[in-house]
Structure formats: C-alpha cells, structure tokens
Amino acid sequence: MADKNNAALIDDIKPINKVTFKQRMLSYKRKPLSFVMLLLVALAALISAAALVFIIVYVLVRGIPNLTPELFALTYNSDNVSCMPSIINTVVLTLLTLVIAVPFGIGAAIYLAEYAKKGNKLVKLIRTMAETLAGIPSIVYGLFGMLFFVYALGWGYSLLAGAFTLAIMVLPTIMRTTEEALLTVPDSYREGSFGLGAGKLRTIIRIILPSAMPGILAGIILSVGRIVGETAALIYTYGSATGYATGFLNSGRSLAVHMYVLTNEGLHTDQAWGTAVVLLVLVFAINTLSAFIAKKLGTKKG
Amino acid sequence: MQGVFFLTALASIAAVAVICIFLFINGIPAMAEIGVFDFIGGQKWAPSNVPASYGIFNMIVASVYVTAGAIVIGVPIGILTAVYLARFCPKPLYKVLKPATELLAGIPSIVYGFFGLMVIVPFIRDNFGGNGSSWLAASIVLGIMILPTIIGVSESALRAVPESYYEGALALGATKERSVFKTILPASKSGVLAAVVLGIGRALGETMAVVLIAGNQVQIPSRLTDGLRTLTANIVMEMGYSTGLHRQALIATGVVLFIFILLITISMQAIKSRSEKHG
Amino acid sequence: MDKFIIDNMNLYYGSFHALKNVNLNMPKNKITAFIGPSGCGKSTLLKSLNRMNDLVEGCKITGDIKLDGTDIYSDMDVNVLRKKVGMVFQKANPFPMSVYDNIAFGPRTHGIKKKSELDRIVEESLRDAAIWDELKDRLKKSALGLSGGQQQRLCIARALAVKPEVLLMDEATSALDPISTGKIEELCLKLKDDYTIIMVTHNMQQALRISDNTAFFLLGEMVEYNSTDAVFSSPKDKRTEEYITGRFG
C-alpha cells in the first residue's frame, strides 16, 4: 500500500531535470551543425521507411483489384495466366528443399556447436565456406544448378534440380541460425543432463534441440521466405513449365518465376500486379511468422 | 553419431568445392578459346555474328557502374538510418521502424524489378528523358534493395560500441549529435565498412531486378539515363537459348562474376578478422 | 566561497528514492569527497552535478542545484554546464583515437580549430595532468595502447583541456594500482589551486589523504558533512563512526 502511494506521489513530481523543447532548441541554436545532423538522420530514416511504404502501398493498390477468381483458376492457360499451379509448385518445391537442406543444416550446426573444438582449423574452414556460400548470388547458384543437376546428372529442368540448387543456397542460413539457437541453450542444461548419466547424443536430442527449437524454426521459416522469393536460381533449374510439376523430374515454375515470365512477356500487366500482391503477402506472412517465433524465443530466454 | 554430424558439416565445404569445379571446368575452356584478353577486355558482344565476338568488358564496367550507383544512393541513407535507429529513435517508433527495415529485405527481387519497371522507369522517361530503362533506374532500385543490409549490419556495429565513449564525449560538453558522429560512428567503422562491402556484394550479384530495368544494351553508358547490361543480366537473358561456345561464354561470364564475389567475401573476412584483433 | 550549492535535492529512479533531501555547499578550490557504502547514492549525486543522470531513463530530480549562483537545470545550457564541470569516470574511457586527438576532442568541440592553438592546449593539458613527459613522443599513437594508469591521467588531461572550473572524479582510481593511484592523488592536490574538485571514493584513506571536506552518505541520505579532519577524528553521527571504523560497508 505504502509503495503504491509512494509511486503515485512520484508520478506527480515535476522534475527539474526534464529537458524542455525550448531548452533543446536553444541548445541547437548554439550548435546549428548538430541540428543539421539530427535532421539528416531523421530524414534518412524517413526515406527508408517511405521507400517501404511506397512500394507496398503501390503494389497493393494496383494489385488488389486484379485478384480475380480467374487468377486462381485451377488450370493455367494463356488467357487467365492463373498463378494457382505456380503456388502449388512453390509449396512442393519449398517442402522438398527443406527435406534436403534441414538435416544437413541442423547436423552441421550440431557439430559446430556441440562437438567441434574451438580454434580447430577444419571448423574455421567450414565456417568460411558457409560464409562463402551465403555470399554467392542466386544467378551463380542457378548456373551451377544447371551445369550440375540439369546437365551433368541429367535430371533436366526439374523439381529435383530446383530443390537441390535451393537447398545449397539456404544451407548457410539454416546452419547459422541453428548454431546461434544451440549456443543460447545454457550450459547448465547440458551439465544437468550429463549429471543424470545421459550420453551426449541423448542430451542433444532430448534436451538441447527441444530448447533451441524456436530459434531453429525461425531460421527455417526465414529460409522458406528466401525460397518463395527466389527467381534467378530457378529459371534454369526448375524451368518454367506452366502446369503442375507432378513428379520429381517434372519441370514447373514457382510463383516468383511465374511473375518474372509475366513481367518479361509484358502482355498481362494487370495479372502481374495481382501476382505481385500474392507474392508479397506470402513472403511477408512467412517473415512475420519467423520474427514472431524468434521473439518468443527471446522473451523466454529473458 | 558424431561422425554423421561431422559429415553434414562437411557439406558446405563440398558444396563450395563442387560449385567452383563445375563453374571453372565449364567456363575456363571458353575463356581459353576466345582468348582471356579478348573475353575480359573485348568491347563487342555479338554471339550471332559470323565470326562471333564474345567481349564482356562493357558488362564488367556496367556491373561496376550499377553497383557504384547503388552505393551512392544506399550507403548514406542506410548508415544515417542505422544511426537514427541505434541512437535517436524513440522506443515506440523503433518497434515499428526496425521491423519495417527488415521487411524491406523480404521483398523478392522480382517484385523490386517489376515495381521499378512499372514506376521508376516511366518516371525517369518522363522527367529525365531517354527510354527510362537505365543506369539510373537500376541504381535507385538496387540502392533501396541494399538498404536493409546496410542498416542491419551498421546498426549492430553501432550498438557494439562501448557506451563509455559516448559518455566521455558528452561529459566534455559535446552535443549528442557530435558525440555520436565523432566517437560512436568512427569507433564502429570496421562494422560499417563490412556493411558497405556486403551491400556491394548484393548489388553486384542482383539479377532479376536489374534485368528488367537497366535496358540491357551492351555499352558503357555516358549518361545516367543510358541503358547498360550487367554481367548478371547477360547470363539470365541469353542462357535460355544459347548453345555451344555462346553458352560456354555465358558460363565464363558467371565465372568472372563469381571471382568478383569471392574477392568481396575474402575482403569481408579480412575486415572481420582485423576488427576482432582490435577488439 | 561556495562553488556548488545543492538545496533540498531529491532524486528518484523510477519509484526508488535514491537521494533524500540533500543539502550541501561545496567550496571553491577545495577537494570535497563523497564517501559511503555501495548504493548509497554518492555517484548518483556526483552525476547530477554535470547532468549525466539525464541519460538514465526514469530519473527524476527535484530541488535546486546552483553553480556560482546559476541554476544548472533551468538557466544553463547542458553543454555549457558540462564544459564548466568536467568529469573523470571510474573506468578510464579514452576514445579509440590518438593521444593528441583525445586531448584535442574537447577544444575542437568548442570551436578551436587552429593547429598551433590546439598544439599548445594539448601540451599544457598533458603537463597539467603530469603525463607530458611520458607521452610527448607518442602523441600520434593510439590512446588504447597506454597502461591503465596512463589512460586515466590522459582522461584527466582530456577533461582539463576544455578549461573546466570543476572536476568531478567518480572513483577515478578504483581500477588502478597503488603507484598510479598515488600519482593521481598528487595531481589532485596540485590541481585544486586552479580547480574545484569533487570526488567519489570507496577508499576512506584516500579521502583522508587528499580531501578538505567529506560528506558521508548512507541509503540515499547525507548523514554527515564536515571538514575531513572532523569527520574522521570526531564524527558526530554514530553511523559515520561505524562506517569509518570499518564496522560495515
């Protein structure tokens, strides 16, 4: 009770150390250059935010009126340029890519975080290579995928070639986010488990992976965002066939590639706006989900 | 089981190795056949001529030009935005602004390209002349695309600077702005440099946005409103129908791009290890 | 003559009442020491004198603090105040730049650009901080390469370079070895001819050795304030006596 009264009293205090707007302006009058710098940083932040708002609002305004039922027709033809097959293809492609990339990404992260000795030359090499992978542009992945999966392995433009190419592309993301998540698991968990006589592997599977799961999941979902938005790495691996890719060796187009083809042909601008909305909404939903899960991890930790 | 984890960890090494091998064994012979000097230094790209010419010099220059344009636009705005986020932004606004800059990174390149084609290209055509698809259009769009990279990396670098520098400057009677720009920003310079280098890598490798809005003429532009064709655009435009030496020349174009990116990755590592050494 | 006059001052961090009804007059060209156990509010009071507490969110101050008769919270620009009232921090915090640029930072901030003028100020400040001989050959070297004691004296020189009237020292020797501490104490005794020094210290011996007046704080309250000799030889309050005889803290 006393505390509450006290707190209320303190809220009523008029402190002398509150800097008033007038004081601040007088201060800037003495130092005009500081005021200019303040304006500059605020302006830059405004430009960054405005760029985002402008792009999103523009795409939504032009695109939403074009979200017609025909755009989501089950079968594609050159009149309706339906994005339905490409949406389904994207989902299948994403799942297959994850099936390939996630085990490698998590396995590698477990090795780096739980087994590898610090300062080991090989570990350093692995990290350097993962960083190198992260820096390679999509088009180079696309070239490589075409040379290796499409031609050398003879898979042709196919779901499999696309998924393997993207799997290599998202591998560093999954590795890094998983490793970071594993490193946030307190050592006391490990010691506690070892103390109960559990082996290392059992500790990792039963204790460490579950506690790191939100972070791992956030990383995986982030990769999904990249897969869904990817174009350059897919054009010459997954190809751009218009139907549903029903087999591993079938070609299909993902939503982003579909959008590229529409834009490039220049015949269906309205539908391209509509498709842009679908793509944006998908990618944003995925990123928000990832951020939400990562944040949940953050609050749990704190 | 440790062995299995170890093997998965080797995947990234294997991937880089295979990527290098396949690009180089497919690209080097073309370079040899065309002649390294004619390929890298040649200004004429005419695959359908008889005899054909495969010179990518103009595209190398174009890639550098477009990247430079993106840096000129993206770096000042990005760094200043990072300064705002790290030191000036009121907390409630930060909660909106920070995710917004991250959202910018989530927009797919194809959407950036389409937006550029529909909005920025016509704007340039109407206001600055030319047909709109240009060096300027590509620079603006890439400048926006690299913003989230620059902002994100710079902001964490700024936040890593010890608060004691800031307090020390304030205690000498410096304004908040001076304290930030004269102590915090210089102290974070290696992180900010890393942000710029990462941005360069992103701009150099960007394909889909550029191919739609840069005009794609094989030339060295003399004005901002002239079109140009980057290395990435060259690959994605012609790969679909190329055969024989033409296709190999495109792969070799990819090799040149790859080498540029490797150089950037190496300089990134150098910046990182230097800043680690200096604490 | 009193340099700083603190009148009926209270300070809150959120709902925590950190300083209670402090009244304190600090004379010019003297060394005033604040002593007391950790968390007693002595550092908080010190930071109120150059408004560094403004950086702390939820910090509220009431009462009056006057420097030479001017209210530092309402009638003085905060940057002017901090130029007049310099501060040396607990942990030496040289900027990651050369020795020269560290010292020149303050003068440059206040508009001095001429090289010859800066050279003069740098030399004078380093001499005043009794570190010129050690550093004159490495002015262009990074300040981060200096030893802890040198760094702290560099920070004192940096504070002196803006020609302050008051020097606040927040446990400035607590991270240093005895030899460096001795040098800084000697320096303080020399500096008080020109400056008013207010120091927070954990080390009662230090207060006894160099301060003219001592204020003892406990749980946000100023328990006793008197000449240092009086506080240590015949404390009026029982709590002061217990603290200086080492019964708690």
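What to note about this one:
Order of writing sets the chain letters: A, B and C. Residues in each chain are counted from 1.
We adopt the following convention: contacts are C-beta pairs under 8 Å (C-beta built on N, C-alpha and C of every residue); 3 or more make two chains touch, one makes a residue touch a chain.
Every value quoted in this text rests on a predicted model; they were computed, and no experiment measured them.
When you average the Cα atoms of each chain and compare centres, the chain farthest from subunit B turns out to be C. In terms of C-beta pairs in contact, A-B outnumbers the other of B-C and A-B.
Subunit B and subunit C have centres, each the mean of its CA atoms, that are 49 Å apart. In whole angstrom, the spacing between the mean C-alpha positions of subunit A and subunit B is 18.
Residue positions of subunit A with contacts to 2 or more other chains are 27, 31.
The set of subunit C residues that touch two or more partner chains comprises 79-80. Touching two or more other chains at once are residues 175, 178 of subunit B. Contact residues on subunit B toward subunit A in their complex (touch as defined above): 1-2, 4-13, 15-16, 18-19, 22-23, 26, 76-81, 83-85, 88-89, 97, 99-104, 106-115, 117-119, 144, 147, 151, 175-178, 180-181, 201, 204-208, 212, 232, 235-236, 239-240, 251, 254, 257-258, 261-262, 264-265, 268-269.
Residues 162, 164-165, 167-175, 178, 182-183, 186-187 of subunit B are the ones touching subunit C in the complex. Subunit A contributes residues 27-28, 31, 33-35, 37-38, 40-45, 47-49, 51-53, 55, 58-59, 62, 103-108, 110-112, 114-116, 125-126, 128-133, 135-144, 146-148, 152, 168, 171-172, 175, 200-201, 225, 228-232, 235-236, 256, 259-260, 263-264, 269, 272-273, 276, 279-280, 283-284, 286-287, 291 to its touches with subunit B in the complex. Here subunit C touches subunit A in the complex through residues 12, 14-15, 17, 48, 51, 53-54, 59-65, 73-74, 77-80, going by the rule given at the top.
Against subunit B, in their complex, subunit C makes its touches with residues 50, 52, 55, 79-83, 86-87, 89, 91, 93-97, 105-106, 109-110, 155, 158-159, 162.
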